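Just dropping this structure here.
Labels A, B, C, D, E and F are assigned to the chains in the order they are written; within every chain, residues are numbered from 1.
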Amino acid sequence: MVLRGLFVGRFQPPHKGHLEIIRKILNEVDELIIIIGSAQYNYTLRNPFTTGERIWMLREALREYDIDLSRIIIVPLNDIENNALWVRYVQTHTPPFSIVYTGNEFVAKLFKDMNVEVKMVDMIERDKYSGTRIRELMIKGSDEWKEFVPKSVVKIIEIIRGVERLKIVARTSL
Amino acid sequence: MVLRGLFVGRFQPPHKGHLEIIRKILNEVDELIIIIGSAQYNYTLRNPFTTGERIWMLREALREYDIDLSRIIIVPLNDIENNALWVRYVQTHTPPFSIVYTGNEFVAKLFKDMNVEVKMVDMIERDKYSGTRIRELMIKGSDEWKEFVPKSVVKIIEIIRGVERLKIVARTSL
Amino acid sequence: MVLRGLFVGRFQPPHKGHLEIIRKILNEVDELIIIIGSAQYNYTLRNPFTTGERIWMLREALREYDIDLSRIIIVPLNDIENNALWVRYVQTHTPPFSIVYTGNEFVAKLFKDMNVEVKMVDMIERDKYSGTRIRELMIKGSDEWKEFVPKSVVKIIEIIRGVERLKIVARTSL
Amino acid sequence: MVLRGLFVGRFQPPHKGHLEIIRKILNEVDELIIIIGSAQYNYTLRNPFTTGERIWMLREALREYDIDLSRIIIVPLNDIENNALWVRYVQTHTPPFSIVYTGNEFVAKLFKDMNVEVKMVDMIERDKYSGTRIRELMIKGSDEWKEFVPKSVVKIIEIIRGVERLKIVARTSL
Amino acid sequence: MVLRGLFVGRFQPPHKGHLEIIRKILNEVDELIIIIGSAQYNYTLRNPFTTGERIWMLREALREYDIDLSRIIIVPLNDIENNALWVRYVQTHTPPFSIVYTGNEFVAKLFKDMNVEVKMVDMIERDKYSGTRIRELMIKGSDEWKEFVPKSVVKIIEIIRGVERLKIVARTSL
Amino acid sequence: MVLRGLFVGRFQPPHKGHLEIIRKILNEVDELIIIIGSAQYNYTLRNPFTTGERIWMLREALREYDIDLSRIIIVPLNDIENNALWVRYVQTHTPPFSIVYTGNEFVAKLFKDMNVEVKMVDMIERDKYSGTRIRELMIKGSDEWKEFVPKSVVKIIEIIRGVERLKIVARTSL
C-alpha cells in the first residue's frame, strides 16, 4: 500500500526551508502531495508569482536537490472563504493521503477537526528561510535573498524579472 | 395582516445584547426575520463560527430566553461586493417585511435609500455586549466573556471547542 | 440529547407530498432541518420562485398542517459545482444532524459516501405530488395544480401572481 | 430634465432589426442606454463574439446609420443567476433611466415587477432580423446573413474571421 | 485606420485631473476607451459611487469640458484576483486599441509584460487632483472638494447625496 | 533549452487513447504539461470523477505505461465562461510551453488566435477510445469498458466504486 503525505505552502517563492522539509518528509512517505495555496493570486505583495511560475520554480528546485520528481504530486489550489470546507476541498483535488505535515497551527487545526492525522514539522531557521523575509529583501534591493532560495529559483526569478515586478507592486497598486 | 420585521447581525457569537433587542422587537411585530450576515466566512478572527454553528447557538439562546421560535425566521446570507444591490438581495431571500430594526447606521442608510422603513434600535450597554469584545476576551484567555452570552451559547462554544479555535486563528492564519 | 434529521428539496413550490413526508419524519426526530436547494435561482422554468417566497410558502404550509414551526430549521442553500464537496457544505450551514431523509438516490449516495446515515423515504403518489408536474399544469393554464399544494401555498402564489410569472418564463427567456 | 431610455440585447451580432428599433426609440428619448447582456460569454454557439467585439460592431453600426453616438450609453453586463435581482443590478450599472423599451416579455415582466415603466417594441420582420437565424446561416456557409446586418458589422466579422470561429464552435466544444 | 487609446481609472469621483489628461490624450488618438475599474464595488470608503453613477458623472463632466462624447468608449470592468490575466481580460471587453495611457506604474507593468505599448502620463498637480484626497475632504465636512471636480460632478453628487453617503460609510460598515 | 508541450483533456476517465498520444508526444518534447480540464465538476454524467481521482488515475496509468512521471506536469484547471480568456488563463497556471498538442479543433482555434503553435494529433481509434463511450458502457452495465482503459485505472475505479456512482448519477440528479 502506498503511503501518501501532504504538505501545504504558498511558495512565494520556494526557499531552502521548503526544500529541507520536503526532503525529510520523503524519508517517511512514498509520495508527497504539495499544495500550492492561494493559487488565484499573483502580482501582489504577498503573492507576486503566478501559479505557473511557482510550479516551474518548485520543480526546478526539487531537481536541484536531487529529489525524485516522480514521487511528488504538485496541486495548485485557490483559497476559499469557507475555511470549514477547506479540508474536504483539498481532498476532492488530491489522490488519497493519510498524513499531513505542516508547521502551521491553523492548517493543523483544520485537518485535526476533520480527523486527519497531522505531524507538526519544524521549519529550519524560520527567521532566515521565510517567504515574507525574502520578499522584503527583494523590495529593499538587497541581493541577500539569493542565499535563501535554491540556485534554480534565483535563475527563474531573473528570467521573469521577478524582483523588478515585486518592487513595482510594492510602490503602486492597481 | 402579518407584520414582519427584519434584524441583521453576524452573531459571532450571539450575545445578551442581541437577545434583549430581539425580545423588544417582538413586542412590535408578529414575526421577525433574523439575517445572519457574512455567512460565507468562518474560522477567521472576525467570523470564527460557521453559519451552522451560529444558527444552532441563536436557536438555543432564543429558547433559553423563552422566545417563541415559531415567530422567528433565521436566514443566513453571504456578503456581496455590490452594496447598492444588498437590500434587493435581502428581499429575494426573505418573506415580505415592512420594517427594519438596526443599530447600524450603514444598514439603515442602505434600506432608506431603497425606501424601506427603518427604526434605529439602541444596543443595551454596547461596550459590554459586543461581539468584538467577546472575541477579544476569548483570545486573551479570560472567562469573563461567559457573562455576556446566554448559557446555552456558552455550552455550544464548549462543545465545539470554540475558544481554542479562535485562539489558534488569532495566532496563525492559513 | 436532541435528535436532528435533515430533508432536502427545492420546493418549487412546496406541495402536499412534501408536507406528508415532513409530518412523518417529525415522528422520528426532535428537530428537522429543511434545506431549500438551488437557492440562487428564480424566475426560471425549474425554479420560478425566489428563496424568500419558498421560505414564506413553506412556513405557511407547515402552519396549515399544524406542524410545530419551532421544531423546523429552514436553511436555503445555493447549488455548488463540486458535488463531492456538497455534504460538507451542507454541514457547515446547519446545526449537527445525525440522519438524512431523502427520496433521491443521488442525495443518498452523496451522504453515504461521507458516512452519514440515510433513510430512504417514499414520496406518496409521486406522479401526483411532483413539482415538475405542478409547474406544467400551471403553464398549461389548468387549475388542477391547486389540488396538489396546501391552500396557503395557493394563496401566496396568487398574491405574487406566480402562475402568470411562470407562463411568461415558459414563453420567453432573458 | 434629460429623458433616458433603456434597451437590452445580446447583439450576437448587432443586426438591422436592432438598428431600426434604436433609431425609433431615439425619437422618444434624449439618451438611450444599451445593455449588452450575457457579457461574460464568447466563443459559444449562442454567444460567439466577445463583449469588446460587440461594443465595436454596435458603435460602427450606429455610425453607419448616422445615429449620434453621444446620445448612446453602451453598458456590458454579465448574466446573474438570481433573476429577481437583475433589474436592481441593471440600475446599479447605469445612469438613471425612466423607461424600458423591449420586445422581450420576460424582460418586460422583470422591470414591471420592480415598478419600472415598460414600452413593448415590435422587432421589424423578426423572422428575418434575428441573431439566432443569422448565426445559423453563418454555420451553414450561406452568405445570406450579410443582408441582415449593417455593412460595418459584416466588415468587422470579416476582420475577426467570425464565421470561421462560429463554424468551429458549432463543430466542436472545449 | 482608427487609432484607439486606453485609459484606466476608478473615477471615485471623476476629477479635473482626469479631465485634463483625457483632453490631452484626445489630441493623439481618434477614440479613447475609458475603463472604469473596480466596477463591482460601491458604498465603500475607496469606492463610494456605483458604476452607474460613475458613468453618469464621467459623461456629464466630458460634456462640460466640450469633449466629443462620440469619441469616448466607457467600459466598466470588475477587478479580478489573477492580475496576470487582467490585460487579456481588458482586451476581451474592448474594441482593439494600440496604446495605453497611464500614470500608474503597476498598470504600465501589466501592459508591458503583455507587449502592449504604454505612454506614461503625468497627472497634473497630483496632490490636488486625487480621488483619495477628494473623498477625505468630503468626510471631513469641508466644501473644498468642489474645487477639484467639474461642476457637473458636484451637481450629481448633490442629487445622489453622495457626501452624506460617504460620511456614513466612514463612520460605520456593514 | 527545455522544450515543453501541452496537452488538454478531461480524463473522465483516462483511457488508452490518451496514453498512446502522451507516449507519442513525449518523443517530441522534454516535458509535457497535462491540463485536467473541467476540474470543478464531479459526480455528473460528463464528469463523474473528482480532480483528485483523475490525478490519481492518470499517474498510475502513466506508471503502468512506463512513462517517466518526472517529465509530466499535471495541472487541474477549472472551466471559465470567458473562452477568449482561456489561453492566457492556461498560461498563468503553467510553466512556459511552446507547443500545444490537441485533437480538438476548438482548443486549436483558441491557441492559434493567441499565436501559440498547435500540432493536431490523431486520437487512435477514436470510436473505441472515447470517454463518452466508456461512460455509456459503464452505465449500461457492460464490462466492455475495461478493455479501453489501463488496468490501473480499472483498479482505481473499482476502489472508489465509480461505476455504481455513475449509474446513480445517470438515474437521478440533485
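Note that contacts are C-beta pairs under 8 Å (C-beta built on N, C-alpha and C of every residue); 3 or more make two chains touch, one makes a residue touch a chain.
Here the structure is a predicted model, which is why all the values come from computation and not from measurement.
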In contact with chain E and chain F alike are the chains A, D
For chain C versus chain D, which are copies of one sequence, does the interface use mostly the same residue numbers on each side, meaning over half shared, or is it different? different
Chain pair equivalent in interface to B-C, over half of contacts matched, among E-F, A-F or C-D: A-F
Chain centre separation in whole Å, for chain F relative to chain C (CA means): 37
Between chain B and chain D, centroid-to-centroid distance (C-alpha), Å: 44
Rounded to the nearest Å, the gap separating the Cα centres of chain B and chain F is 46
Going through chain F residue by residue, note those that touch at least 2 other chains and give them in order. 42, 50, 82, 84, 92
Which two-chain combinations touch? A-B, A-C, A-E, A-F, B-C, B-D, B-E, C-D, C-F, D-E, D-F, E-F
Can you list the chain E residues touching chain A in their complex? 37, 79, 81-84, 86, 104-107, 109-110
The residues of chain B that touch chain A in their complex are 40-44, 50, 165, 168-169, 171-174
Sites on chain A touched by chain F in the complex: 39, 42, 50-53, 55-56, 59, 68-70, 73-76, 91-96
Interface with chain B, chain D side, in the complex: residues 82, 84-85, 88-89, 92
